[in-house]
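The structure that follows is given in the form of structure tokens.
Going in written order, the chains are labelled A, B and C, and every chain counts its residues from 1.
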Amino acid sequence: MRRLANNLPFWGLLPAWALMGFALILPILIIAAVSVATRGSHGGFTWDFNPAGYAQILFNEGWSGELEFTPQYLIIIGRTFLLAGATTALCLIFALPVAWYISRQTPGMRAILVYLVTLPFWVSMILRVYAWMIILGKDGPLPRFLETFGLAPGTSFMFNDGATLVAMVYTCMPLMVLPIYASIEKLDLTLIEASHDLHGNRFTTFRRVILPLTAPGIVSGAILVFVPALGAVLEPVLMGGGKQMMMGSLIQLQFGGGRNWPFGAAIAMVLMGLVMLFLIVTALRAARRTAGMEARA
Amino acid sequence: MKTLLSASALALITATATGTAAQAEGNLNLYVWADSINPELIATFSKEYDVKVNVDSYTSNEDLLTKLQAGSSGYDLSTPSQHFLRVMIDEGLIENYGANKLEAFNNIEEKWRNQWWDETQEYSIPIAYGTAGFAINSDLYKGPTDSMKVFFEPEGELFGKIAMLSYPDEVVGAAQLYLGVPFCSEDPDEMKRVLDLLMAQKPAVAAYSSDNIASRLGSGEVLSHFWWQGEVLKARKGGAPFAFAFPKEGLVGWIDSMVIPKGAPNQENAVKFIEFMSRPENATAQMNYYAYSSPMKVNAEDIIYTPENAPELFIEVPIEFSRTCSPAAQDLVNRVWTQLLQ
Amino acid sequence: MSRSHDVKRYPGFGWLTLVFFVWLYLPLMVVVVYSFNANRIAGVWTGFSLDWYASALKNQALMNALKTSVTVALIATAVATSVALMAALAIIRGKNVRFRRLSETVVNLPLLLPEIVLAVASLILFSLVGLQNGLLKLILAHSAFCTPFAFLPIRARLQGMSLDFEEASADLYAGRWTTFRRVTLPLIFPGVFSGAMLAFLISMDDFITSNMLASGGTTTLPVYIFSLIRSGTTPELNAIGTLMILASLILATAALLVARRGTKP
């Protein structure tokens, strides 16, 4: 029998299960329990079953004192998904050509470019967002640059959804570029050349061959960007001016000024449930696409 | 035993990883408002009592309350405002350290003793009081500031150039003061009026943000910012063209007190620190640094502020102190806030 | 083949990449440039000065926060990388491993959860367990959410690796441990190294969880920076940021050397 030294039996997984069990799964179970607990009068909670937190997402006492359907939390949830979706889409649009370009360089150049993509991580994220506040703000480099061309004098580009998006896309971008680059690098170039011989058109090749083949990278990049974007707290407040709440701030509010921990836990559970739904749908679509491609081949 | 072992192992790792070992007699972990304690006083205290002092900071009472409610925060001393102090006493989150038996108690100005937030003065010794209101950039805005109408129903140059704090308690409180609605109102009709006012103001608001205020106001990004008056004074001392508005409707007041969180690891050092901060000469140095009024006895001749250079500390309009709201009232505040930012 | 017929080239991609990098580095330039600014208020340039570097290194609170961050990041990286390495070896190479897919999902779980959920959950957990040590809380939480970042590169490296060398080693009757140390580990080292780097960076940069869990004397650098933003930051922070970029450049040189060694057969 051949002895293979490089494998580990099942106990290799025990540390991972122990760490994740204690620091991840247990907390999630607790937050699930808190979401159906009873709120304390000034924050905190008591262990009495009460599903009011979930009901509150849809129904609240109105100004007239009657229980009515209140769309405010649904609006916040919807807006958060829209922002995360827009961030993911923008990251994807920029990351694809950049990753493609990097993968076509010499190996040494590739290593340097990949490193350059990760270098900004070394400066604290808050400082990078702060730098954007300076760049876009009044008297910042960008407004001044535009002014020299006589464009939009005296404008500030801060405190709107655009500013939020700039910072979100900025902080998330490396997480999109790297996985896509990794999957493009593995591409079999003969397939592309074959497609080129068949279709002749770059765009068709891109759409019909390259895109499907790099799908795994795109999917993991999208997850790495979309999920953190859903929970973003800093960018909407610092860049967007905090005029419209996002789910992250809403959850934080419940554990702070709102003093309604079970409601905060309930929103967190809903956020988690929606993320799981998104992941399952993505996984199913990816699986169907692979199956379809195999069938065609 | 096991925890002791792991703790000491961890301490060893930390010490070797960072190259420092705590050699002081003891530790004192302060959890106070950002930039609020005079660092020279901390250095003096540290030397005098041979205590290593760590200073961490929070930026809102809500953050502090959440930390204490979650328990085992590891902090020895904190400085909540009066309406949160009351909650902390009621919820059993802070220690009764017999404040009224300390030397510090005799140094509290008479009128600030045994108030509703700590009737027996067993849990707290006050350290500073102040107000929240509208600050302006006086280089860029020359208009009137004598009424909150200017800010809550802005017209002309102020429109779109106003920023509010992102704390519901502060913003709603000021709106209540302007409308004459009592703090902690449980009347939905009254609170609906507050919401209507804030909704009408919203198009004129550039941002609801509690961060980076000095730069935003200094650069002219906004002309007016809801802020704390001592920050305005401190910034002006540093050369910024800021002024504080004294509207005839009055200002929202707060008073911060030194408390010891339940189960704090270094309570004795915390008490020493409270006594130290309350000595008149130190209270004076603290007031000069922090730029908020002191509820303690100070050496008046050493105070650097006068009505001319610091009108913020000699306020003549009425000051209304925030109250501790019932859960029902608090829910109304939340409802206003959520609907405002929905 | 003429250039215009090269199917691997898309015209304009080079320019787009250039724009991309300018955009990526614009904020970093702002951070670096304003670290030399004599004026306290960022955004207003008055003159060149190195004072902020001196005062940053003298600022005790800032240095403490940096120390806490580095301590937590180093320990969390060590834990996360070991856990991830063992898990990857078991998942990719293991025999008779049950729950392979489930295990992989569990290891990657932190990536699939918005951080705010995890932060709040850990806060409640640690208070229920009564865990007092602030540093330990941070290390536990950071180890957990850094693990997938260490896992993914190691897994990728392992997957693309052929078994030949290890089989040769086993044929030469090298012991299990010897084979692992002398053959497997050097082969997968680039993956382990980049995994560890990623874990370290993610830990250093974390704000949301650290802010929730920070307790007496364990403020991390991002939490400290955020508390300063309230009163307005000083260029001291830019100085620290610039020093971090420098540290990165030094480490990256090391990393490139390692990578070159790794690509050699």
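In the analysis below, a contact is a pair of C-beta atoms (placed from the backbone, for glycine too) under 8 Å apart; a residue touches a chain by one contact, two chains touch by 3 or more.
Here the structure is a predicted model, which is why all the values come from computation and not from measurement.
Looking at the partners of chain A and chain B together, the chains they share are C.
In terms of the distance between Cα centroids, chain C is separated most widely from B. Between chain B and chain C the centroid-to-centroid distance comes to 36 Å (mean Cα coordinates, whole Å). Averaged Cα coordinates give chain A a centre that lies 17 Å from the centre of chain C.
Residue positions of chain C touching 2 or more other chains, listed in rising order: 42-44, 124, 226, 229, 233.
Each of the following residues of chain B touches two or more other chains: 211-212, 215, 219. For chain A, residues touching at least two other chains, in rising order: 130, 137, 139, 238, 255.
The touching residues of chain A, when paired with chain B in their complex, are 40-44, 60, 63-65, 72-73, 75-76, 130, 133, 137-139, 156, 158-159, 237-238, 241-245, 250, 253, 255-260. In the complex of the two chains, the chain C residues touching chain B come out as 40-44, 61, 64, 67, 70-71, 74-75, 123-124, 126-127, 130-136, 214-219, 226-233. Within the complex formed with chain A, the residues of chain B that make contact are 60, 62-63, 65-66, 69, 87, 90-91, 163, 166-169, 188-189, 191-192, 202, 205-209, 211-212, 215-216, 219-221, 326-327, 330, 333-335, 337-339, 341-342. Contact residues of chain C toward chain A in the complex are 7-10, 12-14, 16-17, 20-21, 23-28, 30-31, 34, 42-44, 79, 82-84, 86-87, 89-91, 93-99, 103, 106-107, 109-118, 120-122, 124-125, 128, 140-141, 143-144, 147, 156, 163, 166-167, 169-170, 174-180, 183-184, 201, 204-205, 207-208, 221-222, 225-226, 229, 233, 237-238, 241, 244-245, 247-248, 252, 255-256, 259, 263. Chain B makes touch with chain C in their complex at residues 6-7, 10, 13-14, 17-18, 20, 27, 29, 31, 34-35, 54-59, 67, 70-76, 210-215, 218-219, 231, 238, 265.
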